[in-house]
Structure formats: structure tokens, C-alpha cells
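Take a look at the structure below.
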Amino acid sequence: MDSALIPEGAKRCAFPKFAVGIAIVGAVVLWGVYAMLLCWFKGLNQTNMNDNYGFALWIWADLAVIAVGGGAFFTGLLKYIFKVDELKNIINFAVIIGFICYSSALLILAIDIGQPLRGWFIFWHANVHSMLTEVAFCLSCYFAVLTIEFIPNILENRQANKIPFFHHLAHNMHGVMAIFAATGAFLSFFHQGSLGGVAGVMYGRPFAVREGLLIWPWTFFLFTWSAAAFGPCFTLLVTKITETITGKKLVKDNVVHLLAKISGWMIFTYIIAKIIDTIYWAMVTAPGLGFDISRFYSDNSFYGYWILLTEIVICGVIPGLLLIMKSTRENPALRLVAIILGVIGVCLNRWVMVLQIMAIPVMSFDTWALYIPSWQEVATTVLPVAYGIILIAVTYRYLPVFPQEKELNSVEPAAETK
Amino acid sequence: MNKIENKAHKFGMVIDLDKCTGCGSCMVSCMSENNVPFKEDESNKKDSITWMRVYKLTNGKSFPDTEIVYLPRPCQHCGGKGDHGHSPCVSVCPATATDYGYDTGIVSQIYTRCFGCRYCMGACPYHARYFNWWDPKWPEGMEKYLSPDVSPRMRGVVEKCSFCFHRYQAAKDKAYYDGRDDIEEDEYQTACTTACPSGAIVFGDLNNPAHRVHEIVKPDPHPWPNNPNVVGKSRNPNVFRLLERLGTNPKVYYLSEREWVRKAGDNYLDGEWDKIKNHHGSESHG
Amino acid sequence: MKVDRRSFLGLGLGAVAGFSVSPVLLKLTDDSSIWTQNWPWTPVPVDGEVSYENSVCSLCPGSCGISVRKIDDRPVKIEGLDEYPINNGGACLHGISGLQYLYDPARVKSPLKKNGDKFEEISWDDAISVIAGKLNDIRTAGSPEKFVCIADKDRGSVPELFKRFLKTFGSSNFYTMPGFESYLKLTAEAMHGKGMTIGFDLENSDFVLSFGAGIIEGWGSPVSCFKANASRKEREAKLYQIEPRLSNTAAGADKWLPIKPGTEADLALGICSFILKHNLYAATAAVRFKGGLNKFAAQLQNDYSLSKTSEITGIKESEIEEIATLFAKAKMPIAVFGKGKGDASQSLKEFIAVQTLNCLMDNINKKGGVFIQPVKTYLEFPEETLDDVAKEGNEKPRLGQYVHDLFEKINTSSQPVVDTLFVYQSNPCYALHDTKTIKQAVGKIPFVVSFSSFLDETAKEADIILPVHTFIERLEDVPSGAGLSKTVVGLSKPVVKPVFNTKLPGDILLLLAKALDGTVAENFAWESYDECLETVAKNIWDSLFQDGYAILEEGVPEESVEVNVAFLTGNPSSIQATGDGELMLIPIDNMRLPSAAPAASPFSIKTVSDEVLKGRDTVVEINPKTAKGLKNYDYVALTTPVGTAKVMIHLNEGIMPGVVGMVKGLGHSFDNKYVSNKGVNINELIGPVIEPGSGLDAAFGVKAKISKA
């Protein structure tokens, strides 16, 4: 019944099946929206946050989605600036994932602040010293850029594309996309960085604080780097999930291998920097403030050295190596393991840099503060995930997201192209 | 000529922990002075607004060698690294809703500008900042005791100790009407200071050598050789600041004759305290 | 013009575009944020002219001077009054919270009459005539002694008016709730003669040996004690604290000596014994002791050798020696008694034993010592005229010596012994031991009238509640009396017009008297309480009125006093706790919680630690050694012979193993969600233990068991 909207030559499931799927995920969205409205109308007392835990679950989710959404800017950078042409086959999808991540991040911020109607004060009364100001400006601008990058893809919809104006607009936008990709990369570099800076500049928190370069603490660079490194993992992961669900191959292996390889090297170099940073912080920065690093990992029921080990070795070094080495990279199972570990790793890093910071006592007589999110927090954190699923489903159904789809799914399914 | 006259004030406190009894007058005086609300259950101290919070510290020893001390904690009105006014909280607020008063050293909080992002709370290691998780509500009729000097805060914004800034304003106004340039030490005293039955809190201008707080603290105007971020270290061997090593440069000082209490004010690696404990300001400038 | 689809779309888009670039959006955004800054449900305090009025706080016996800041007619802040002879600036948290009592919506807003289970508002006239009717009936029946009154204290014009009311009515049954002031008088009377009382010159003593006195826990006149304590540092005066738990006083002391609960008197006698044995007492002391010291000394040598004392108290012999020697060698030592706030159940033996230490050092009526002098009276009431009913009634014996005897008598006798009970500003149903039996006794009284500002536990049991002004609304003389070295009478002034339909207690009595038969009315011939006060306090009125206070006594008294230790030579045994549990439950006095009336304010509850109150649960303290696998905030059932309560555990290294500490002042059950239904009232778990010889309820604790709940 919606066949007129479906890209030419593409096979999609029957509309009722699609509608049922959307309805199920839509119910989750409604649950999240209900929680969101509670937070807006009744206030943040609906959460289990408290004065020790001013940043909690959904701020972690916010940082995490921005990190994994880093695939968009980094793929864009590679495609448009470094002219890695193969990536044109995945760039649309990377942009859509980025769009979802960034719109989710903005939504979360709108729920998170105590006075949503005053949110714009961050622009109007901007404090140039604040990393959050930088985040707000860059995030908003980059979201605009992502929207612009997304538009041509929307205009390529079969019906929209029939309108000459839209057709030409899409075409011309593709032409100038390099400028936006460059702008986006620049903006992204800064807001990913300033999100890292948010933690790194908190010199009252020995667990978070880092020395750095000029006004930027090392976490600034590490966040940008890690987003660039692990973002593509997430793009690949979502692609893989989409392929599994649709039962179709959508991107050619050479493209996947290339992105995985780039990601691998990024992860590998990032993790070396991260290890150096950790060692310097553990041996010099924190002890200089009177903290033995064991203080951050003991005397509580949750945060142990395991988290450091998991983040750096299991979800950092290992996926890095797996993706660097050709044999493991080109082994679909190991590649999948690597990208999953990578995504977990970057999310864990953001968790540590948001929640563990809040949990650790700083005054010698203070105690650990652990917290358990309320259902409202969980629902509003799940909301973007559900919304993302719907957006991907809709765009996949109606937009020519994967240029290689037709080729790969012609009458005879294409075999693995070696 | 007194050089002080044209110099900026730097209001600060010194709290004598050997005198503090943990009685709570300062807490309640602050709540009453500053229209701090209350709710049905205040026993979760992590969501209970107490601009002045009195912590109980113990020496960690077992019976009968246990000792306890009470440590009242208002906002420390941090001067930030090098005392340049970039307090941990002020430097991070994206909307400039909290600010450093270079003429007073007071860290302000503008409730009507704050949009509740709570970044400042994360940045403050003293838990001195409180978020209004709920609408402030007074039982019917009780709002009659609210003071017009301090506006009640709305839900969704952060608040904290202001060093009773309105008392400073009132003192300045009075001085102005009287045709004086400046205020006297006793004209501007915070509500916790005047309430304390033990006289444990001394408040005044750290820049003014005639003020009691300066006499007790004897702040060293030079950076501490061990850590150049630290300025204003006390030259009184019994005086310390909370988390001084972080370079937050609080303007609230503490006084105790008990070594374990002074040690509890900051964090030290094993064995470090014994090496560091006798550094009291830069000796060279003694 | 034809509106086709195209032009419609164009118009629509145009409108959207126009709207977007117009200032409307900007304005709406701005307006919405301004709206958040002016939420109508966030109160905006009204501004006005600032003024200050001085008065006196009478929330506790401290009687501190206060300064009330007002905006026009509205009091907005209470602070301690500088240069007031008791507190000289500074106030405790309860005094500072005073306005929360004033404006508490849970106050009794007009006279109430019980109808079935509910209270109904009635007019003052109706309330007075119902009560007068009842009282007249009692007189007609010829049993005026069945009219009983319980008040919070017995000094000051209002208690005097109550007493006068009873006397002219024909009853001698006026009782006060246990209070430190009455214990001081009792001790002084037993040792130094009738009409005497005791004050401590703490601010000038150089060595204070405290037998559990919570000097910074609300003992005596709290703010005055805080000041004396704080000045120790400059004066280099020492404080040694003897008690089973590391209280704040113990924590601030130079030394804390944990002692087995209930053995304080034995320790004091052990120290006396040591001092006598080693001739460490003042040479001038012996002559003061009635009958000399020899017999007493011999008795002590026998009963309280170092080893025996050490065994009883759990304090090392060397430590007993050390404190005895330090105490004896100090220039001006003081030994102080009255565990905790000094107001609840106490033992006369303990008081006398401790006071004997003072007498041995002969620090009596010396600067920095203990002041013993006659209780100062300052009110002159006209002689009463009694009619025959009154005369007969007054000759009948009192129902009991103390208030707990009264309730005991009511509960045990088959006849109704009390017909009408007036309860003034006290809360026996909450504050006396074994509250269940107290409530039962009150329930047996046919007619109960409560004079109260709040619907507290006792008021809830009353038939009529007569709401009285709070201290902020009141004119009244407030005599200090809590063991201070000086005697000050302050004048409480009505700082604000009454918020509700309440009256001064004095005025209520005048109205009642006028409605009574016989000669009662004649004895209350004043127009109003104001007039009455001015007349009866005429000797000090000018000073009261102008300065806000009058000092009755200041400086070192000149009296030379005798010492009588007959109570001790009578060899009374020390109080034993009842029950058979292996733990000892003791009450904890906490400065941030009033132990009885009035209950805590929302502000003061807010300051209470989560190691004391967590959610709706009382948290009790036990030593980790006693905890046996229990963790912080585990629930336990705490059982005593009197009752069982579910409480939480806090592991505290600062309490003796084997002892359970539970805070006083929680577990109120009236209608105020900020302070009520939180925790357990410890008086529901402890029963009275009557001290032989004194008749006091001297229960210091009770044996208890805990089991994981």
C-alpha cells in the first residue's frame, strides 16, 4: 500500500508487518515520552538523582550516543575531505545514525535541565570559560550540519525526487557537501572534545581532572579521538544489525573492511594515548593531589579495578588489535566481537567519566555515593533508542540509504566478494 | 594612610573546630535567614538543602579511643587556582549564573538565571551546592515568616550559601547613608556567625589585618611553594583549609589543635602528612 | 481571489516564515522564561519597614534573650540578643526556629471540645462556662482536692496563678513535670536546707568533672553552657566527661571516661572515698559537714575502695585515682550532675554523691565554684482568701509526691481519685516513662483540660483544649532557673499579634476564676493578666519593662552553708535497671531534638543526622562489638520489659559495648507531617524505677534485647 514510496527496485516487507513492528517500538517511545512529560511537569524529583549525583544515567547516555554518533563526522571527514571514495556506500547510513544520536542528545539535554524553558540562557548568557557553553554551541551547530547532510538523502525518496526542485536541490547539495562535512568535522572535533573537557576541567574532582594543552585538558583530545575511533564501530554494528533484521546484505565487504581497518588503527592509537594518560594521571596528577589511585577503586561495592581493565584492555586493546589484523578483521565473527567490544568500551569510558566521578568521595570524610536510576530515568534513556530504531526503519524503508543494496540483492544474491 | 581603603575586600571565615559543638544553630540560622525550604522527609542528606551543613568526622579509632569533631561547611567561596576568581563552580557554569565577586571574594548565585544543568554541582568537591529537586513549599501560613531580603528559589535551580550577601548590601547601604566609604567589621556578619552560641565562627575581611579573621588566619599572600595554585595559605600552624591541595583556594578556614582533625581536611598519600604538616605558608615571606 | 492548493500552500508557508522572522517567537521564548522566574506557586515575601524587637525565649528553661527582626508587622527572624545577661548573643536552633512554632498550621487555632473521637471548635465563652460548670460541680460535691493541675514548671507568675487557682479552689494537687530546676532544689534541700537551690559558676571554673551532664547537649541553660564551654579554650579550663557514650560533650572534653550506665553515683562516692582517704579535701570543708566527716569517711572506705569502685563502674583504678587527684588539685573544680539535659528521670543519690565532691573541695559560694543560696522570689501576690470548701480541700493529703505517683495512684485505685485535670504546657503522655500507662491513667480522668498551643499527645487525650499564645505572642515573666550562677528574670513580649484565636494562660485563669463560685473569683480581681503581672512584679517591673530583664542575684553569694549527707549515710542502694536482656538501653539527649515539649520544629528535624533518624525510623547506636554481624541500617526488633520497637542499627565506636543508645524526642504522633510519625518514643520502652528514699523515678535505662527484624 506504500509501494509508491519505496525506492525503486528495493524489496521491503509487507506494510502490516512493518506497521506492527513500528507499533511495538512505538509503545516504548510512548512510555519514554510519558516519563519525559513527568520530568517536565513534575520536575527532576522524578529521577533518583541527588545533590551528589547531579549527572546521572541519561547524561551518560547523552555522552555515549554522542560518542558513538561520532561515526558520522569521522566517516564524513574520510569521505569528503580525505576522499576515501568507497565510504560513499555507507556515508548515508552514518549520517542517519549521527542524526539520531545528536537529536537524541539534544532531547536528553532538554529533559535533563531543571529549567527547560530557560535552556537558551546557555547561548544568551554564555560563559566563554565553560566547556558546556562550547558543547552547547558546537552541538547545536553540528546538529544543523547533520540535518543538512541528511536532507539530500530524504529528497532522494522516490516521490520527492520527482519534484524537479527537490531533485536539483539534492543533487546540488551533494555537490557542496564537502563544505558541510568539513564544517561538521571541525564542530565535532570541538564538541566531542569539550565533552571530554567537561570532566577534565573539574579540578575539584581528582578522578576527573587532567592536565593538558593550553585551555584543553587531555580528556578533550581523548574524547574526540575515541569518538572518531569507536564511532565507526557503532556504524558498522548498526549496519550489521540492520542487515540481520532485513536479512539482506546492504554494504559490500570491502567497504566494511576498510572502515573496520580505519577504526582499528584509530582505536589502537587512541588506546595507547589513553594508557599513557591513565598512567600519568595515576602516577603524577592524582598523587599530586593526595590521592593514591586505589582510592578510586576501593571501599565500595561497585567500582573496582575491573572497570579500568575492562575499558582499556578488554574493550580497547583487544578490539583495536582484532581490527588491525587482517585475518581477524576479515573474519565476520571476530569482527563482530571487536566492534561490539569497541562500542561497549567507549560507552564504559563515558560512564566512568560521568558516573564514577560523581560517586567518588573527595573530602577525606565523605563517603561513596552510589545511585540506582528511577524508572523515569530508564524510560527517558530508552526513549532515544526506540526513536532511533523507528527512524532507521522508516528511512531504510523509504529512502535509498544503501547505494549497494540493489546490486547486492539482485535476483541472485551476490556471494561474498573476495 | 591605610592602604586597605581602596583594596578589594576578601570576605572569609575561620571556624574553630575545637569550639564547635555540632549544635546546629548555624544551620538553622542560615535556613531561617535565607528562606531555605524544608520537606516532609529530610533524612536523605543527599537531597536536603542545607547551605550550611555540619559534618561529623571521626578519627576512625575503636572504642574507647574514638574521637569525633564537627565540621560546619558553608560554601567555601573558592578563589580558584591561584586565587584568580575561577572557582571550580564559577568557571564551569555555562550561563554565568554563578559569579565571582572580585571586590568581595564572594561567589554569587543568580537563581533566576540558573537553568539547572547542575554542572557546578559536579565541579564542587565540597557538596556545597544544592539543587531544588522539588518546588519549595511552606505549610499554609508559614510563608509569613519569609524574609524579603532573599528571594525564595524556584524548582529546578541550584542554590548555595551566599555569605549572606544581602547583609553586605544592607551594611553598604547604611554606610552610604551615613556618608562612610566602607563598612566596619561588625556591620557585616553572616547569620551563621551571629547565631553560633559557641562563638566558633569568625567572619571578616581576610584582606584587612585589623579584622579578627585575618589575625587568626594570617593568610600568606604568596603562592605556596609546594603548589603554586595554592594562595592564601594560613601561617597559623593550627589553621587549615578543606582540600587545599586541589588549588580551589577556599576562603573558609578551619582551626583545630588536634592533628588528626587537621589531617582530615585534605588527602594525603601514606606518610605524606608527616612531611607536609609543618609547612605553613611560605616561610621565606614569613 | 481564488484560493487554489498552490496559493494556499504559499500562504501557509509565507505565514510560517513571517511568524518565524517576526519578534513573536523571540518574545514568547523570553516570556516563557520570565514566567519560570515568577511561578505563582513560589511565594514572594512582602517587603516593608525593618525593625527589631527584644524578647525572651521560653521554649526551654534556658530563658535566652532574643531579638526578633520584623518586616512591618511580620516577624521574619529570631536571633540571640547581644548583651543579654544569660546568652549574650547566640541562640540555640530551637529558639531560632521559633517562628515555625508561631506559624505552624498544626497549632490549635481556637478552643476545642471533644465530641466522641473528634474535636470541634467552640467559642471561648462556651469553653470557659463548660469548664467552670464542671469545677463548680466538684466544689459542690465537696471534693475540691480531686481537681489536679500539671504544669511545666513552678516559678513565674503563670505557674503561681495556677497554684493560686488550685489553692483558692481547695486543692493542693499542683504538680510539675520533672525538670532540672526541681532536681537542683531537691538536692539543695536534702543537703543544705529548705528553700535553697544550686547554681554552677561554670564560666569561672578551671576543672569541670561532669557525671554525664550534657553541657553542650542542652543541659541547664543551653546557650549559657555553650558559652562557658567555648571559653574553656582561652581559660585553659579542663572538662572531664564521665558517661557510657561519646556524646558531643564527651567529644569536646579533655577526657572521656566511659562508665557502666547507672553507676555514676558509685564513681562519685569512690572519688569521695579516695579524696577522704588521702586527705585531699579542703581543710575548710570538714566543719561544714553536719556531724563531721569521720563516720561518712569510714563508711565510704568500707563500701567504696578503689578496687570496688573500679569493679562497679568499669573504670580503671588508675583512672579513678587520676581524676580524683586532678579534681582535688584543681584551683576551682566543679563536679556537675544531671545526665543528659538534666531534665528527665534522675537519681537523688547520684546528685548528692556528686554534690558531696563539691562540698569536699569547699568550692561552695566561691568564684568558679558552686553557688548555694535561697531560691529568689520576686513576685508578691496578695494573701489568698479561702472559703470553707477551699480550707477543707487544702488540708487533704496530696495524691502523691511527684507527677508519676499521681498517675500510679490513678491507675491503681479503684475509686476515681481525680475528677478534673488541667495540663498546662506539658506533655506527660509523651514525656513520662511507660507512656501507655500514663495514657491509660489520663483516660480514667473524667474531665481533662489542656492548655496548649499544639495538639500534642496529651492534648489529644483532653476533653477541652484551650489554645495558648506561643512565646512570640506572649507577655510573661520568664525566670531563669537552670543551674546558672545568676538569677535573671526576663520579660517575654508580644512581638506579633496573636496569629490564631488563642489567649494568654493568665487571662484564661482570670476568666475561669470569675466564673467560679465561692471566694475563687475574689482572689483573681485583676482586669487582665497584664495588670496582674505589673502588680505582682512591681518590685522589678521598671527594670523588666525598660531593660527587658531584671537581675535578681549576681556574683558570689555570701551565705555560709551546711552540708548534710544523711541521705548517703542512710546507705541507699544504687538504682538497677529492670529486665533481663543482655543489653542496656539508654536514652541519648541530642541538642537538635527537644526531648519533650514542645516537639521539634521542621528546621530542627532537618538538622538531625541520618545516623539518628532515617526516613521514618529511629536509628539506635551500638558498638560494632555488640553488633554480631549486623550492618549499618539493618532493622532490628528492640525489646524491653515495657515494649518492643522496630528500629535501625548504627554501628558506633563511641558507645560502650553492651549498650544501646536511643535518641529522645522522636516518635511524636500528632498531626504535623514534618515532625510526627518519625521514629520511636523511647518512653514507650522504659518504665519508671522508683528510687528508695527520694521517691523519684530514677530509671537511667532498661535491659533490652535485639533480634534481627
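Going in written order, the chains are labelled A, B and C, and every chain counts its residues from 1.
Methods note: contacts are C-beta pairs under 8 Å (C-beta built on N, C-alpha and C of every residue); 3 or more make two chains touch, one makes a residue touch a chain.
Bear in mind that the values here come from a model prediction, so they are computed numbers and not experimental data.
Participant: For which chain is the distance between its Cα centroid and the global protein Cα centroid smallest?
Facilitator: Checking distances from each chain centre to the full centroid gives B.
Participant: Between A-C and B-C, which chain pair is linked by the larger number of C-beta contacts?
Facilitator: Ranking A-C and B-C by C-beta contacts puts B-C first.
Participant: Please work out the Cα centroid separation of subunit A and subunit B, and write it as a whole number of Å.
Facilitator: 40
Participant: How far is the middle of subunit A from the middle of subunit C, if each middle is the mean of its Cα atoms, in Å?
Facilitator: For subunit A versus subunit C, the centre distance works out to 62 Å.
Participant: Where the CA atoms of subunit B average out and where those of subunit C average out, how many Å apart are those spots?
Facilitator: 33
Participant: Could you say which residues in subunit C touch two or more other chains, in rising order?
Facilitator: Subunit C, residues with two or more chain partners: 36.
Participant: For subunit B, give me the residues that contact two or more of the other chains.
Facilitator: 44, 135, 154-156, in rising order.
Participant: When you check subunit A against every other chain, which residues touch at least two of them?
Facilitator: Counting only residues that touch two or more other chains, subunit A contributes 115, 118, 121.
Participant: Okay, in this complex, where on subunit A does subunit B touch?
Facilitator: Residues in contact with subunit B: 43-45, 49-55, 112-116, 118-119, 121-122, 124-127, 129-133, 135-136, 198, 201-206, 287-292, 295, 357-358, 362-366, 369.
Participant: Which residues of subunit C touch subunit A in the complex?
Facilitator: 29, 32-33, 35-36
Participant: Inside the complex, what are the residues of subunit B that reach subunit A?
Facilitator: It comes out as residues 44, 46-47, 55, 57, 71, 81, 86, 88, 91-97, 113-119, 121-127, 129-135, 154-158, 227, 242-243, 245-248, 263-270, 272.
Participant: Show which residues of subunit C lie in contact with subunit B when the two form their complex.
Facilitator: Touching subunit B: residues 36-37, 39, 41-48, 69, 71, 74-80, 87, 89-93, 96-97, 99-100, 102-106, 216, 222-223, 226-227, 229-230, 233, 246, 248, 251-252, 256, 258, 499, 591-592, 602-611, 613-616, 623-625, 653-657, 673-674 of subunit C.
Participant: Within the complex, which stretch of subunit B touches subunit C?
Facilitator: 16, 18-19, 21-25, 27-29, 31-33, 35, 38-45, 48, 50, 54, 56, 58, 61-64, 66-70, 112, 135-148, 151-156, 191, 194-200
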